[in-house]
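As written, the chains take the letters A, B, C and D, and residue 1 is the first residue of each chain.
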Amino acid sequence: MQKIINFMASNCKTDMIRFDSDYLEGCHPSILERLGQTNLEQTPGYGEDPHCERAAGMIRDLCKAPDAAVHFLVGGTQTNATVISSALKPYQGVLCADTGHINVHETGAVEHSGHKVLALPSSDAKISVAQVDEWLSSHERDFNREHCVQAGMLYLTLPTELGTVWTLKELEAMRTVCDRFGIPLFIDGARLGYGLASKDCDVTLPDLARLADVFYIGGTKQGALFGEAVVITSDALKKDFRYNMKQNGAMLAKGRLLGIQFEALMEDGLYFRLSESADRLAERVRTAFGKAGCEFFVRSSANLVFPVLTDRQIEALSRDFGFEIWQEMTDGRKAARFCTSWATTPLQVEALEKAVAAL
Amino acid sequence: MQKIINFMASNCKTDMIRFDSDYLEGCHPSILERLGQTNLEQTPGYGEDPHCERAAGMIRDLCKAPDAAVHFLVGGTQTNATVISSALKPYQGVLCADTGHINVHETGAVEHSGHKVLALPSSDAKISVAQVDEWLSSHERDFNREHCVQAGMLYLTLPTELGTVWTLKELEAMRTVCDRFGIPLFIDGARLGYGLASKDCDVTLPDLARLADVFYIGGTKQGALFGEAVVITSDALKKDFRYNMKQNGAMLAKGRLLGIQFEALMEDGLYFRLSESADRLAERVRTAFGKAGCEFFVRSSANLVFPVLTDRQIEALSRDFGFEIWQEMTDGRKAARFCTSWATTPLQVEALEKAVAAL
Amino acid sequence: MQKIINFMASNCKTDMIRFDSDYLEGCHPSILERLGQTNLEQTPGYGEDPHCERAAGMIRDLCKAPDAAVHFLVGGTQTNATVISSALKPYQGVLCADTGHINVHETGAVEHSGHKVLALPSSDAKISVAQVDEWLSSHERDFNREHCVQAGMLYLTLPTELGTVWTLKELEAMRTVCDRFGIPLFIDGARLGYGLASKDCDVTLPDLARLADVFYIGGTKQGALFGEAVVITSDALKKDFRYNMKQNGAMLAKGRLLGIQFEALMEDGLYFRLSESADRLAERVRTAFGKAGCEFFVRSSANLVFPVLTDRQIEALSRDFGFEIWQEMTDGRKAARFCTSWATTPLQVEALEKAVAAL
Amino acid sequence: MQKIINFMASNCKTDMIRFDSDYLEGCHPSILERLGQTNLEQTPGYGEDPHCERAAGMIRDLCKAPDAAVHFLVGGTQTNATVISSALKPYQGVLCADTGHINVHETGAVEHSGHKVLALPSSDAKISVAQVDEWLSSHERDFNREHCVQAGMLYLTLPTELGTVWTLKELEAMRTVCDRFGIPLFIDGARLGYGLASKDCDVTLPDLARLADVFYIGGTKQGALFGEAVVITSDALKKDFRYNMKQNGAMLAKGRLLGIQFEALMEDGLYFRLSESADRLAERVRTAFGKAGCEFFVRSSANLVFPVLTDRQIEALSRDFGFEIWQEMTDGRKAARFCTSWATTPLQVEALEKAVAAL
């Protein structure tokens, strides 16, 4: 899958309304405000400060997981590589969808740590319980299994790269298969808020804490300047995780910057309100394209919309709107990606609705 | 692809005629004889002895490559991992067919060295020039390419896992595409002799030395106790290769054991005569199954034959013959693999011919 | 060397004046101001935005190195691991002082990337040209050198962990020895400003750009929230560096945060004024301890002071001041570390001066 | 430590008597005989054959360790890297003497697998229980320990590179300290037979099996063509060890070659008789140099002797004998290394005795 980014070319047009991605802006203003208020506080470094402690506590409460370990890392690639490499034995790999971020868009960070990404074919960025079960069973039955990479972890994304989500029933089934084969379940939540706020997703934070061995609550794409909150419920994975962080360059010197941001996001449900807003606006975008007779590349939810457009339609919309071309279809049309975020406003979506209606 | 090995189960039947693999026996008797003759010679270790020197010279001569570096390693996985990791930058991976040994049956040795195996789909274990070209072009065009693993080497196998071979024209085209994108071409020759002796293969050792940056001449499956002779023609890859060998545990203390074996194999064309014999016997096996009305899983040559058999046929043949079940077909039949070798005798093949005719 | 941190214990005393480290606070206020001003700008991610471009230009100008590549990374461990692993062949290691941060305090991040840290003994955190020359010559002469790690880079720190600095003459000699053996010179500048502002250091940014193949200008300890600006002058090391960054989780999604911070620091010489201030205040601390008759663990400059104190003196100072106990001396006294920074005020130092005078 | 090998230079002199190393010749004749007898047996590959099974059983019996896992690998570097990397977490390193083979002469194979070698200073190639205890305690006390590599294994060698050996009491104390800190003990036995046969060593195979979590019985230097028998008594380390072997290129295709060799060595105590012979001959060499008034670089036992010689003495002995120059002394004399082996004859030692007496 190849993204063709039109951002740089149109970069000069500052009056454009952008649906390119969910990390176009800085952060929610309340975060900057907090950084200002706390700026001259003197705290220990490396995440051992009162802000990280308080933010971790808030997250444990929200997850109803009083024994979970909560760590704050800077970005997604770093988080994935650190979590995965800390869980695997040298000869183990990580099972995921072939569209998974770790398989496609992290320049081989998992392999750099010595492990194979075991990619399963997927059309909607999800893999089925049956696929996972079959892979694991097949490995066990294989007389040559010692010549093959063993799966040591299952990696899912919520929501996926294509904005699809998991139901509680699906995650429970994944948990069961993981238990049967004794491998941990890791859920990449770079856009977790948008996923949980989706009407197609009946999963809650406590569900995740109960079903996953480790998952993370994304900040970078959800209103923070940067930051991902890793929640570890498995005792085996908790041990010495901070050594892994440090070794992977994932222990921020002024760790409190992460704590402060997650304090701001988790207080009064800001994180969830921002997610909800983005998802509702994405629904309006989805509805607009549907009304205009567009097909969709994938039945997405969360904050991502993938209408299939003709070149003429793309040209028309490109005048005033930024978005990504995701993939070329066999008939020459192109799947586009429109992405709302914590920063998207109703006015911006209204303008898009009008333009889409006029296609 | 999953092999179901019936060897262990039937291990007690020592009167069975085995076509399971090409590494069932020890070695060609002339090698043992040489080891005996040289046993009490005192030589320097680590491949810096007169036998390695002489064997390397013989290989350079056979390849018409007077400037090639020749190194002797113990086994295939070790050789692949050492060659590949010595050639790649950290963010690079190696392009190969999805059936490639490095992708399937080396327990992630390439990933263990930090690099992604970039697998291209293949039905006959070969990939096309167009596939390679498209992958490399597509990476160059991708605006997100820095988020993706870059290809730093092309890995081919001659013959492939399925006994298919490359023509000179195909390899020349591969060379051209490698040159255009500036990546080295590596040919895994674990069964090289059987490949070169195939009637479908018009490639010679000097062709390989001219077209590949690095390749190896397999010994383990070709009549040696063990050993692979790596031939490096690219100056960039020659530099400090022995450091890489040592680091990968691939520098045999009594390196002369490798030199002595390759001296024996290369003298008087023994290596090529043994390969020729195995291929001609494989052709007889192929013909026998064809006459019996069997379809083939793949149009193989070299020393591998893949008839598609019913359970009844498998049962019948299993009484007296050892072979591998390679893959189950959708209709319930199974692709079997019969493998001849340097050690296979005409009498053994005659017995198999009779049994196949009686199916 | 073992640090005994007294921060956590005394954390409750918020009226304490802290000389524990140079990353106790957030950032210089002008940076927060800039982040506020630019917060809702929409920019491309991953460091390809106008702020990074402008900051890189400013750094190139300051370095008088118009062809240098400038990249912004988040933290020191990440930067060291990314730079070092991108430069080395698999069988190469990096030469450094045994006190070097990469050898002692990065949880083996360099080894995690597959490379040995080749530590040379040092008393003042510096190594001599003669030591480096001898190591490299000795390797070349060694008949067993292929069994040993080869040095592929020289790593220096300016200033060192002990606040010592390099003179221009010393760096020029290091450059000469690196050239003779064909290895790149990397200078870790996590506290570069404090080093360059030292009265013992006659080196300038253009000198560094001329003498080092790659170095970095630290932000985290110098008034930024976080961030290190890597300057690469060697063409060989420039190639594909961003792939390395991404693979190491060192490509910040909202890369502009780094650009914005370095714009603020480099404009109007703020970075250098802050460094100058910290160094002058450190000199006052040094003078105060000297006057009080204290010996020094090392003749440091820059922003670090290492007085040797008795337990009684430590107890007295600990009432109102935070600082680190660096090392226990053989006679029971302890070397303490006092660290000034961009945030240290003359009033704070005055208070310390009084307390020291009263010891 | 730097070896100056005089082998290559004098290689032409085939009438020279060599004490250069213990891997100058092929193997004990009984091994070649066995290889001949079994040559055309057809067996499964990868160590799953009756010969490996039988040899493993013999070793378990000799070790009085009926539950031990026994695996056969090809060479020492490979064995060390496979055992160590299979036991460590990513952020852990291995404690050893600074003279340890893994630290000095394996081209960074351990670091290549991602782990730091934590070298402790040593004068006689041994480290003390106190050193190990202090390192481990000190790490636990260190407030910055998460920024440092954690020790995950203790690596000892029996005998050491300098021919020194461990007593049972010392090993028991090492075991106690390992238990207290919860790390496994690994003993490199590349020359194990020579060590166990030493009069200074009261350790037996059952002692090793009881005290070490994993150790190996060296073959390469002890009369085999190649091969090391790894004995694992720790259940944690047993699990999936063959996956690690395969990934490290350490699973020999014709694994039976290793089984056959160890069958020959272990039957009728051949291994121990050969070791005993080498050690008794080394004692004669030691006595000869002592009588001639030579000092010794180290009080070695086993099959290694390190007399300190003048240039004149070296020149005199070099006419008829091969040996290594180990290290230059401060007074210009040189420590030489004389090495006996399974292949050394009393006649050869007699000749050396005469030459030494005439110095």
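Everything that follows uses one rule, which is that a residue touches a chain if its C-beta (ideal position, glycine included) is under 8 Å from a C-beta of that chain, and two chains touch if they have at least 3 such contacts.
Quick caveat, the model's predicted, so the values are computed rather than measured.
S.K.: Between B-D and B-C, which chain pair is linked by the larger number of C-beta contacts?
M.R.: Ranking B-D and B-C by C-beta contacts puts B-D first.
S.K.: Hey, which chain ends up farthest from chain C, C-alpha centres compared?
M.R.: So the chain farthest away from chain C turns out to be B.
S.K.: At what distance in angstrom does the C-alpha mean of chain C lie from that of chain B?
M.R.: So the centroids are 50 Å from each other.
S.K.: Nearest whole angstrom, what separates the Cα centre of chain C from the Cα centre of chain D?
M.R.: That gives a centre separation of 42 Å.
S.K.: Where the CA atoms of chain B average out and where those of chain D average out, how many Å apart are those spots?
M.R.: 34
S.K.: Residues of chain A touching 2+ other chains?
M.R.: 5, 8, 90-91, 106-108, 112-114, 146-147, 243, 246-247, 251 - these are the residues of chain A that touch more than one other chain.
S.K.: Quick check on the complex: what are the chain D residues that touch chain A?
M.R.: It is residues 46, 85-86, 89-91, 113-114, 146-147, 150, 240, 242-244, 246-247, 251 of chain D that touch chain A.
S.K.: How about chain A: which of its residues touch chain C in the complex?
M.R.: Spelled out, the residues of chain A in touch with chain C are 5, 7-8, 11, 18, 20-21, 23-27, 29, 32, 35-36, 38-45, 48, 74-79, 81-82, 106-109, 112-113, 220-221, 225-226, 243, 246-254, 257, 322, 343.
S.K.: Using the touch definition up top, name the residues of chain C that touch chain D in the complex.
M.R.: The contact residues of chain C facing chain D are 2-5, 8, 90-91, 93, 104-108, 111-117, 138, 141-144, 146-149.
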